[in-house]
């Protein structure tokens, strides 16, 4: 089995190749070539900041981070992060007619039912095809087995329009070619059901990169279009998408598409007149493939908090030639509401220190929000991976001297955290309660992904998510001495 | 006359029965018409008592009213004495018995029984169950307690207040007794629950009294203070903080220093655990007897991080304490024994959680609001097989589980809904752990006096998760009403949201 | 207050008088006169058995009770029984557009919410107007108070079509004339809402006699009719009424009415061609008043068990001239089903002894069923009141030497019960658990009233209600030693 | 390959973690890719652990696979030893780590750490969590236990089996320990929960072993029997009768006579109380791990008077025991780890009550069937703040309450419905404590293959109380099907009723 060691990037490349045939569009044809050359996601080179598309910003109270400051602490050690499979927990909700079939181990299945922090055992739109000893020992042909499992699944769930075969650590290590399997299965299931593949393996993807890989797998499927349009990329809750659509409409931006769409049968088109606006900071590969299809990215801070939302809409407005007057008129009420709602939390949070563990790649936009709109002091901002190009506008807004860290050695990071004793730690569920038991207030980070937090109307909610643990500690400290195990 | 659908307290003679049935060696002869014997089933069915309450009813009928009901009563007393041979006889009348004015006390005393006969004067048309239980216990204590040497075997106390049909009294006594013994305080007498008349005679041997239920033991404790100079505890040990304060109070009264580790309790850690963050600021309405309501509000606010938005009680006798406690939350206490009024308040306030009696549980169920029961009147559900105190450290654990579970079920419904529907399935399905009527009712109540919703605003509202949609609707309507807006638009919805952000 | 002693029977008489005016029908006019003369329910004289209307019965294995045996033990002492208010718990369900307002004390309200063995606090169709000290002391005029309460009630519940003012022990003792109050209130509330009064006081009524008093209060309201019709009296569950209607229809008995009707606005008529069939054995006063209105009672055993049901239908068939062939053809399938269902329980119960405490007046029909269809030995059959005339057909079917008791001295009855140690005791909820704790198996009697137990299709259910406690004890005795309090 | 929506058991390394996390002084280095660290949150969130599990993951990534993953592993072991200074080191691989075949045991031993290093070989593609927990515990016991003098301080035993993330293990240990001490049996070591490696070394000092969870402690107990001649208890003390049998077994093994009164337990009386009569013959389906499922079926049948209509488990290792137990109820055991198959069985059998895992709870909720949870896999709800054992006398009380409450809520709905609707309101409203889908689903399932209902039969059916209407429909349809009737009439309905009368 030693021969199962794999070349990095190999599987995603083969997937992209397979898919391009289906898309059949000139620009798309070139995407797989670049995909095949791509270095693993963790190692993309640092691109120089592009200044041109940053929207004009009002004066802020903190000196901005200079580019020379952006030398993150890079660590190698135990990474206390989810793998990309976890994204299925929200992706299956964003695409209700899609189904995610992980090809992996019992561990993958167990992760999926544990990761969301809930086990509710409704019949979900995801499942795991668990590889067994007889598959590995060659007593069963794995492709036959996969065909059998998919057949049973589609019989049971005929309403599925899009089936993702999702690669895992074991499937990658044994070099099971899910791209080829998807193509083979699609011959039987089309036109009723499209079959695509992507990898959510922890070997290649960290947490939100699973969404990136999933959306990237959709790109070759997109039709070509020469019409000018705005394409917003990133899975968003329905309510956010509706708000964004309303604001774009008010700005007079006509054609607006979202990726992923609510229905797998209604994929947006892409082409040279497509302007790409990222709603999430973790879509490196998706953006790359869309750009390869001709889309041009609108660089902007991300729509978290009033400032980020204003910057994001302003960048789109500028790209679509919206007059500043109109832009200001459209955005003003939302700005005012967001400022009012956030302002109330600011009273609780201003001046307090915060430490963000690496988790979702949302850390840098959130740190910018916490620092600039809530007045918090940033002790350390960890991120599993720093995409300098997509985050250029965010980095420029961080205060000078902010300590960034990329990658992780969790034990050493905990040492730093304990030493700093911040007022608030943003971290994953594996760390939160142990830190609480040490008397350190925490905000568990996965809720930030599961809750609607984008845009003006959710700016107050986002602030509230950070404020609530601190409020709670203050409430409880009045009556109860800090919890400590007591002898029986 | 008072129109009453359901009552929080029974009649006075039921209060007396709760004391008599709690004790051994006491018999109660009640001058009452046929039918009043229904009260027996409260004990045998709700509490699953394995013996009949020690009560004899005269069960006079219409035909007796023309004859000699006094003779009937005397016969009943004599027969009851012969049959049951109690150490003490209580005599009194139910509401109907009171009207025929036969003077049970005088009649019974005239029989010259060789045991103490205590006459209970419990005005049925003025007073209610808890007052009568207190009065009965006081009458027994006054009639039976005698001077006695103090603290012969180290610092000791009495535990006063637990009765039959009490809300978790059985387990509270066990918990508090354990706590006291761990502190090195000897328990002299527990009364009335499990006490004999002979035990009541020994009450004076203790250094102080632990008053578990002021509604029932307050009168007797004040008498014991006056007669024997025994001080009483003032803290009811419900919740971790109150239990700690109670321990301090006990140590001071006993004049001893703490000598044992505090027992383990999960509430503080569970309440700090990050999965409890979502409890913060949940709006809770509390209603029950005074002791449990005041304590529950305190625990809710300071140990679970809830926001107390309503506090009330049917214990009119404790109006001052209730008003004082409510003020601490910026509230006016609702002091009422009209269950319709309480229902109305719940419907108006639409809290996230109701901590109430069985009646509020049913009201909350109809309105689709999670609820936990904290107080009598008791139901068979309130006598679980397992150890379920409300007091002490284990009591605090019980409170945590009992109050959080309904909210957790609500959250589960929310998540289930997320997984299940996603737009295409009915997004308005009510939470399945709540009343089937929950949804329609909540819309209906919310719709009263409300501004009209523009179609796109209504659509936007339907995007709000079902779990918080009701509140979003109410907040928006209140916002629109306060500003005199006739039409609710999407902007109004978000203005209201920003306005209500906390 | 000593002057409040009352003359027995006074109130019901005045009620009947008041009502007769409303009915306005020649025969009805005479009813109140007889009502005024009536001795209290407990003391009606023993009428000779009428043999004529007993339907032909198949041979049974037990020698019947001879008339000379019917010398019940009469006891005076503590009666462990409900008062007539309790009937409201099922009556309000039988008449969904009626409301029952008890005028009484906190005790009455407490009884009502405790008696059903459940407290569910739904908004019920009954309530109590609680008399307070200021009412008794004359600081408030009780009639004004009652008017105020009724006004508030009808505002809150405008759907009420029939309001019963229900007298209680306190209202009787203070001589509050609810009949007059009902007439006064009706002037304001008619035609929307009819107001009637009856007494459910424990001074006058025992448990099921409350239903009798309630139905009796309806009798003067019935319209006159000269058409031949069958009137079935006694509140029945919907499912039973439907079954009975179907059987009567199959027998060819045309006009069949039920009292009470499902809607208070659809009271059945009564007249000289009305044949009265009692579905319950406790309707002494109702039957008397209906007979005074011209109805002629069909004497029969009551429709419990196969035998009773056959006898009951056969008596009706005979009265309406149904041919025996047709009768047998119609009844045969139900008989067969009932026999099969009961037969299965007989295996468990035959030869076992049973002791019935007085409760609902259903004891004698049940004893007949237990003895003849289930083969149980009757140790003692208690009844709160023995109506020899209505129960003549039942008494004739009891085995010779059956010990009957009427009235109660509960302590002495318990002594007899303990001495006999029967295999099963049927008793009220106040006695059941204490007897269980003594190792005696009990069936709590109120469930027999709340469950549908009439007719063929329910004969098996009725047997099951008696069998289940014995089955349970057998199950538990296998694993658990009999419960005994153990020291901690 | 096996299509899996939800799993009853986690992967093998999670079983090992449950043992490691239960103990003090043990550290586990796991060769595993990034992402496998999700397992930490099982402990910190579900069990609310106040410390991270003592596990170091190598978290290798794609780029490492081309390089030296063995070196990565050795570095991780060395760093973990330096940082955590455990008394024993466990090393192993997760499913992915197993595929790259780096030999964690060999690599770790090569480091020459000054502590015992125990290599775990837990084949991920063949075995599952519980087997692995047993294997891990056995490996620790075999590696650490040494010969020792027996019973130096009187008759003593070890309590074996409780782990982290166990279903009520925390409280079972407390309950059983209390029971043993009351009997005069000293508890030598409890393991793995709360044990140190040093404590494992002392296992041989006890006279016998109490095996609480055979799934986990069985292998180790057999080893201890062979090595030290220690016998083990065979009875798992769940339920009153089993607890009594367990006590007898313990007394025999300890060679002592009973010297204490049996602790109070409410189950026997509550189960005999007349309000429990309605429980008789309720049809119950049981599914869980083998120990809990077999015990629950026994308690359900003989202590609550239920009718066990289904018994199953996902513990394939205990197939023989399960089949034997099922035979006692005239059933064939369902041995499956396919939750869809279990769901199908529940849907077919339509029991009155399901005693299952959290998965069955959700299935039952969707089907409108009351359910109580009796077994892992655990959920945060399965770690209540209050004392909630399943074993011993208090455990029996907990079982009574937990199993009867869902049925009682069902009955309450029935009564609520009686009061609320009476024909004119929607008579088909589903019970509000159950899933909103309950009604439609139950009709739907019942309707498959069924004969047609004549309108008057359908009308008659609607007169049957909603609480039992579903069963009436199914019984009638089964009756009609068995007799090849195409149309169901009122007669058919009543024929079926008579046929099914019990």
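Letters A, B, C and D mark the chains as written, and numbering starts fresh at 1 in each.
The rule is short, and it goes like this: a contact is a pair of C-beta atoms (placed from the backbone, for glycine too) under 8 Å apart; a residue touches a chain by one contact, two chains touch by 3 or more.
Keep in mind the model is a prediction, meaning the values are calculated, not measured.
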Relative to subunit B, largest Cα-centroid distance belongs to chain A
Distance in whole angstrom between the CA centres of subunit B and subunit C is 36
Chain centres from averaged Cα atoms put subunit A and subunit C apart, in whole Å, by 71
Touching at least 2 other chains, the residues of subunit B are 45, 48, 50, 267, 269, 273-275, 362, 416
Where subunit C touches two or more other chains simultaneously, the residues are 117, 120, 122, 124, 429, 432-433, 436-437, 483, 485
Contact graph of the chains (line, ring, star, complete, other): other
Counting only contacts in the complex, subunit B reaches subunit A at residues 239-241, 261-265, 267-269, 271-277, 279-281, 301-303, 305, 412, 415-416, 418-420, 422-424, 460, 463-464, 490-491, 494-495, 497-499, 501-502
As the complex stands, subunit D meets subunit B at residues 45, 48, 50, 266-267, 269-270, 273-275, 362, 365, 380-381, 384-388, 394, 396-398, 400-401, 405, 408, 416, 429-438
Seen from subunit A, its contact residues with subunit B in the complex are 93, 96, 116-118, 120, 122, 124, 238-239, 242, 246, 262, 333-334, 337-338, 340-341, 344-345, 429, 432-433, 436-437, 442, 444, 456-457, 460-461, 464, 468-469, 471-473, 475-476, 478-483, 485-488
Subunit C partner, complex, touching residues on subunit B are 1-7, 9-11, 13-14, 33-42, 44-45, 48-52, 56-63, 65-66, 76, 79, 83, 94-96, 99-101, 123-126, 128, 339, 358-359, 361-363, 366, 377, 379
In the complex, subunit C touches subunit B at residues 1-2, 4-9, 40, 42-43, 77-86, 103, 105-107, 109-111, 113-115, 117, 119-124, 127-133, 135-136, 140, 142, 145-146, 148-149, 152-153, 169-170, 172-174, 201-204, 206, 411, 428-434, 436-437, 483, 485
